[in-house]
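Below: the structure, in structure tokens.
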Amino acid sequence: MGKLFDIALLVLIVLSVILVMLESIATISKQYHNYFYIAEWIVTVFFTLEYIARIIVIKRPKKYIFSFYGIVDLLSTLPSYLGFLMGGHNLFFAIRALRLLRVFRILKITRYVGESHKLIIALKNSRPKILVFLFAVLIVCIITGTLMHLIEGKESGFTNIPISIYWCIVTLTTVGFGDIAPITPLGQFLAGLLMIMGYGIIAVPTGIVGAEFSKSNEESIAKNTQVCPHCNEEKHLSDADFCHNCGNKLNE
Amino acid sequence: MGKLFDIALLVLIVLSVILVMLESIATISKQYHNYFYIAEWIVTVFFTLEYIARIIVIKRPKKYIFSFYGIVDLLSTLPSYLGFLMGGHNLFFAIRALRLLRVFRILKITRYVGESHKLIIALKNSRPKILVFLFAVLIVCIITGTLMHLIEGKESGFTNIPISIYWCIVTLTTVGFGDIAPITPLGQFLAGLLMIMGYGIIAVPTGIVGAEFSKSNEESIAKNTQVCPHCNEEKHLSDADFCHNCGNKLNE
Amino acid sequence: MGKLFDIALLVLIVLSVILVMLESIATISKQYHNYFYIAEWIVTVFFTLEYIARIIVIKRPKKYIFSFYGIVDLLSTLPSYLGFLMGGHNLFFAIRALRLLRVFRILKITRYVGESHKLIIALKNSRPKILVFLFAVLIVCIITGTLMHLIEGKESGFTNIPISIYWCIVTLTTVGFGDIAPITPLGQFLAGLLMIMGYGIIAVPTGIVGAEFSKSNEESIAKNTQVCPHCNEEKHLSDADFCHNCGNKLNE
Amino acid sequence: MGKLFDIALLVLIVLSVILVMLESIATISKQYHNYFYIAEWIVTVFFTLEYIARIIVIKRPKKYIFSFYGIVDLLSTLPSYLGFLMGGHNLFFAIRALRLLRVFRILKITRYVGESHKLIIALKNSRPKILVFLFAVLIVCIITGTLMHLIEGKESGFTNIPISIYWCIVTLTTVGFGDIAPITPLGQFLAGLLMIMGYGIIAVPTGIVGAEFSKSNEESIAKNTQVCPHCNEEKHLSDADFCHNCGNKLNE
């Protein structure tokens, strides 16, 4: 019963987000304006009822209201009311898309959360290294951006330093929109250097996280093991019943 | 003899796919229209005969007909007949290109399949982690896409949320077509953040798969070791003296 | 007290760099010209006083003046004076942005430096491999660039070899601006080969650095073990009972 | 003496390649036409003399002439003579750029070759896996390319299947020129899927090569070790003098 409700809620959240998306397309929005209006009302009322029900049912309502998911739940309903009152939709679009975050709470029950937990731990462990790396990338971007602004001048889009830094980030991350591109030989040479450098250093975050995953893999193997009571040998296979070193029974 | 047939079939499959490609080029298609017509007939007849021969020869024809390769074989012949009957080619183009999938069946006999098997296993093991990751990427794209639509407005291509999400995917995956690009300072700032984030998280799938490959390498080392003479247990640690399953001595 | 000064200096450095950036934007620069002039004076005077104070306080001023940070400190003040004297700003822009490098000295005290130290060591160890790799990439770019210049001719932007090499670097590093793109079928075929090759070899630097990180992780495990009480040897294997250097028992 | 000659030759090779590059720039080529003519003669005569000298000095000239470097050496001189005779430069440009390959022979003596040897071995070991991977990528590109041609039609550059496949390669490798980009919602949706897939599978070659490097690192550690003559313990540290397991001397 609870599971059925979760699935229904999941479908409704996804539908409401698709609704917000479709509404942003001008041609569709105009043609089916009334349908969107009604659908938005239904979704909002349902979410409001659910929000109130949660507050009533839950033991410590205060803790829920000020928790991350509590605020997300409130923000799933409030913008619609404000939008209806004030008419201007645009300001509340982004907030309504936050409804998607509610999906996470429902997915909590699935087996994928264990995996995402591992992912988050590996990322947390490598965070200081990645922060140092991103900081170094930012400084490279600021200095190269200033140089590109000086070299390329105002002819080819590098009109000021912030936009040149933006171009450096676009280039170093190998995105490369092409809306701004160097046209002087010296600018192209510097851009080439920047790209080859970017190619060389893209390895760094990958290496960091990869090593972290390898470590966590090894540790999860190690966690499964026990120490042999006879010879104190460690690091047995996870399904071992007998010590591989002295042949005595483990876990007696 | 069977090998010769396989090679001939391989060449024919590749040729028929090249034929489909060349036929799609307007100038070539008009000039050599008759040749394409004849070549298509020859290929189709040959594939049809091969398909019928397989059904006759094989022990359990039903199982073959409804297997993956059976359907691919049927789809290699049927669209041509339908195309000849109805005249409209375009609808059957994509299906005819599926002929290429037949290549896999023939390549099965080569040593590369062992390698692809390892690849597939490593990918399967890391699938839950990659799915969680891709789901997180999608949510980031939806929220950033909505924000970009609000910031950039209708001036620079971010005309609706779905197209903004499309732009976010293009940017986060570091493809960067440049058909849509932010022009407001705030939009460029958010784009810069998105790119640096994308640069930092591109490490995640790489780390996952890399760790998986390392693990499968290590496991293939574990496999190198002896079988227990008492209980036939495999997969001992490389330095094991006693079987971890029955406790008897290895290598007596 | 010293920490407070460091934080104040950090804020001032970041502010002065933001100032340089904003000044480069034509519209802002014109409107707030006087404010920028005053702010620049304040920052410059402060940095000059700090520079002089350092020389007075420090024991070996000569060593400081000619050290990396000494030169950076000097370059944080000098360009402003030269700019005030000569009027022309542009020439001194890049040098003023170097102020950002001062940030590193202050950040030295934070815990992130340990991480960046590990990063730098891993990069240093993999430097010869990465240099060989980048050299190979450069030769591929020169040869492919020449071929593209010959194939594409002067129709589509590949007007000379240096610019074709620039395009090859842009493509191989997967940046892909799109300011230059092949239009002949043969050129597009060669570009396709180059891209798939680039996709295959992007793995190389990542693999190098990743393996280096894994190694440094393993070594840091080795470091966790005991010091030999007889010869003070460090870095034993984690399961060592006897010192590998003098043969005496560990952990008696 | 031999080393000095090598360095002189290295400089000459690099200079001759830079010459070829500069000559391809129309404005420079016209202005300094005579200088290029003379420089080309000098380089060609020098390379010819060196080539003849090698044939005379070497013991088995036949083996040299038909070796890889022998052919490269011949191709460094011949195109210039043919160019002088026939006037048409363009045809011989690419071949002249091959002079750069001569650099490798000279660099053979440096310490970097050991590193490149390791790189090549790691790449060779992971070649079958990478080939399988690239083959799968190619099939994905052919099928998606055909689909995109059908969906996008002739409005947005996907005019035939080969060019659509070219676009798929550009997109899947995350290059993204933007010369061709989908404009229909369905095409953009398929492109989004392709990109996210490309993002997920970029991990594969990286994982393969990374695991290969890790393995070769571990093996190079293992190679340094010896078996203890007293307790048969393996896997000592590379600088171990005594067995860490029984405390007896190694390598007596």
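For reference, chains read A, B, C and D in written order, and residue numbers begin at 1 within each chain.
What we mean here is this: contacts are C-beta pairs under 8 Å (C-beta built on N, C-alpha and C of every residue); 3 or more make two chains touch, one makes a residue touch a chain.
This is a predicted model, so every value here is computed, not measured.
Think of it this way: of B-C, A-D or A-C, only one pair shares over half of the C-D contact pairs by residue number, and it is A-C. For chain B, the chain with the farthest CA centroid is C. Chain A and chain C touch with mostly distinct residues; of the residue numbers seen at this interface, under half occur in both copies.
Separating the CA-averaged centres of chain B and chain C is a span of 37 Å. Look at where the CA atoms of chain B average out and do the same for chain D: the two points lie 26 Å apart. Mean C-alpha positions place chain A and chain B at a centre distance of 25 Å.
Multi-chain contact residues, meaning those touching two or more other chains, occur in chain D at positions 133, 162, 165, 174-178, 202, 206-208, 210-211, 214. Chain-to-chain contact here is organised exhaustively, every possible pair of chains being in touch.
The touching residues of chain A, when paired with chain D in their complex, are 174-178, 206, 210, 214. Partner chain A is touched in their complex by these residues of chain C: 17, 20-22, 24-26, 90, 93-94, 97-98, 100-101, 103, 111-112, 115-116, 118-119, 122-123, 130, 133-134, 137-138, 162-163, 165-166, 169-170, 172-179, 202, 205-214, 216-217, 239. Considering their complex, residues 128-129, 131-133, 135-136, 139, 142-143, 146-147, 149-150, 159-162, 165, 171, 174-178, 181, 185, 188-189, 191-192, 195-196, 198-200, 202-204, 206-208, 210-211, 214-215, 222, 235-237, 239-249 of chain C touch chain D.
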